[in-house]
């Protein structure tokens, strides 16, 4: 990372936290409360954000929302052509998705392929009433007809730039950086 | 780490890192079998051939379920229904299968080394599902996964393997795996069932069950093959079960929290008394079966890749 | 036709000579050995003499392989008498003795005569048939030893199978001894070796292959030594592979029992450790043994316990070997690598070159009562010349033998036969040798 040119911090700890607070309110507003609501975070990144959202929703409403973690590796559309297999994480959804209003949570929305995989996976777990999508960053460049319902920050980027979301839970620091990818 | 192998022929060739990767991957697959829809699309369009030259309902079914839960097309070929009985050699069979372009061939064969021969002949990934008295790597992996889950670790445990070591591929694969992972492995069986120079594999061997199981964390019982009686390797099932059957009295020599394993199918009252086999606080025999599917899913997942 | 071989290092164990000399061959016999024969013959009739300069080469009595399998009649897809004889001269052998385990077994006059006839048609190496001890080598009923001898058999053996019946072995030894026919024992207790695929030890344990214990060989050698002692007869033991066998034979010789013994190059070159690939080219019976056995075999060769090196040339077709290990045939195609592998014993300081030559020519001749193995004037002009320094790589594809089953494929060798003369005629010469 140090060798990259033009590293720019686009979100810091405070900005990330403010965005998540806003998203939590938007989720509650759109769904008219926590009734039948569930959060599912996509590993790795989205799961930590989903956990933070769950906490913020509890702080606002005083109620626990069911939280699941989803590893979409097995649903990736490039799995059979990539030579080496990505590390496989655990999926943990310990509640029924039937008739739930599921909010999928991810860190960066890019091509949309991850979200496509996540929706296929969710449907294998049951029949949600509705699936919504919350992301911290939307950097554009969609390859599938997918859009987010809740966006922390729209970040126009070039294809050769790398957007990296660091979170305290996995990297020890909260920040979003954009850098020229070499 | 990345998994670089084309084939899984035995535990002897796997590194500790590779074993750990397989076990961790398998842990992630456990959850799929608990779902309402027990299937993921990962290996859609891939073909897995189960080539069984030796009857085995359990292992074959386990591989078949593993393949199907990953959406692979699985095809079973057993020696009695294929052209093998017509005198077709393994080489011809392999070439024919290769021409059908499968992605993975799972082979079970009564001849030690048959999977190695197959691996040199075809470009597909080969998984050894048991070859003669040589290796049964997927059994050892599921055993290690079970032990790791029940005991939280493998290193430092004392594991006793009891029975006919000479003719057991399960024993060999477990000896390789468990010693690599840092366990202390002790064996017990009639001296006619302890193969020559077995201690060079890094284990202790005893002829009395009671010498092997004291303070054991895990007691693994092997299946006894009835036909060995004809070879004068042991005099009778009666005498064998009197000396080498695990029951409620000799199990007290092991640690209080010791678990009891068996690769199945059990000869009840010969290798393990029914009360021990059915004691869910000790017996993890059904956990082993459950882990078997996950381990085989993990191997199919790790071995299948693109063509780049 | 006269041939004058000049300038080679001439080793003749029979006369205990090892010196640079010229040898003149005339009418299929050795006419003369001496220095500077060239000048003495040149003036008169040099044009009629083929003169071959062998400066730096080693010239020995023609090598004799007392244990080969030629597969004809019946198994011609593995080897024929002609292809085997061609492999022999290419490997430097002028005489070979072939075991009777053909199909049908060489257990009667007509098959022995058939082999002799085929060999003389091939007109390459001398081929000496070995007759079966029992009909069909089934270990039950003795063959007609007298008739076999008269037809040309030089020894008796059920090689490939042991004579499990001790009484049959006793009677065979007694009956054969009166005819001066040596009996060659394939020493294997088939109850102990049943189902065995390789040497029993650590490597059979980890490979999960049924072991053949060393005692399967040793109990039979011990038994046959006792029978030879009791009957006061000569017994020759084939393909010795274990330390215990060497010890038994050494002890028997010390006690004055008429025992001779051979081993094969693979037993002093390879150990069971190499079987970890499950390569069927390494499957052989007796099996490759442990490192301790290999060491004992070398010691047995060095101290004279083992009299002869034989190839146990066992050619097989690809279809016999490209199988699961336990279904594959046993045997190594050995005629074309034996000399080079044996020269390693000299390179490793185990044997002197004259001692090695004795084990590959004079000693087998004596054991089989063949008038061969010497360069004395008047002897048959059977001669082997080899370059002890020539480096080459084994390529089974280039074998003259139909059997390409060699674990030595790709090995770097030092020393190779250059010229093989049988009865005064050149039967093989390395293309690079200008003659």
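Per-chain numbering from 1; labels A, B and C assigned in written order.
Throughout what follows, contacts are C-beta pairs under 8 Å (C-beta built on N, C-alpha and C of every residue); 3 or more make two chains touch, one makes a residue touch a chain.
Please read these numbers as outputs of a predicted model, since none were measured by experiment.
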Would you mind naming the chains that touch chain A and likewise touch chain B?
-> none
By Cα centroid distance, the chain farthest from chain C is A
Per-chain Cα centre nearest the global Cα centre, belonging to chain = B
Averaged-CA centre spacing for the pair chain B and chain A, given as whole angstrom = 40
Approximate Å spacing (C-alpha centroids) for the pair chain A, chain C = 77
Hey, how far is the Cα centre of chain B from the one of chain C, in Å?
-> 46
Chain C - residues contacting chain B, complex = 200-202, 204-211, 213, 277-278, 319, 322-327
Report the residues of chain B in contact with chain C in the complex, numbered from low to high.
-> 12, 89-91, 109, 111-114, 116-117, 131-135, 169, 172, 195-198, 200-201
Would you pull the chain B residues touching chain A in the complex into a rising list?
-> 2-4, 24-25, 27-29, 31-32, 35-37, 39-46, 70, 298, 301-302, 304-308
Complex contacts: residues of chain A adjacent to chain B | 71, 73-75, 79-85, 87-92, 120-121, 124-126
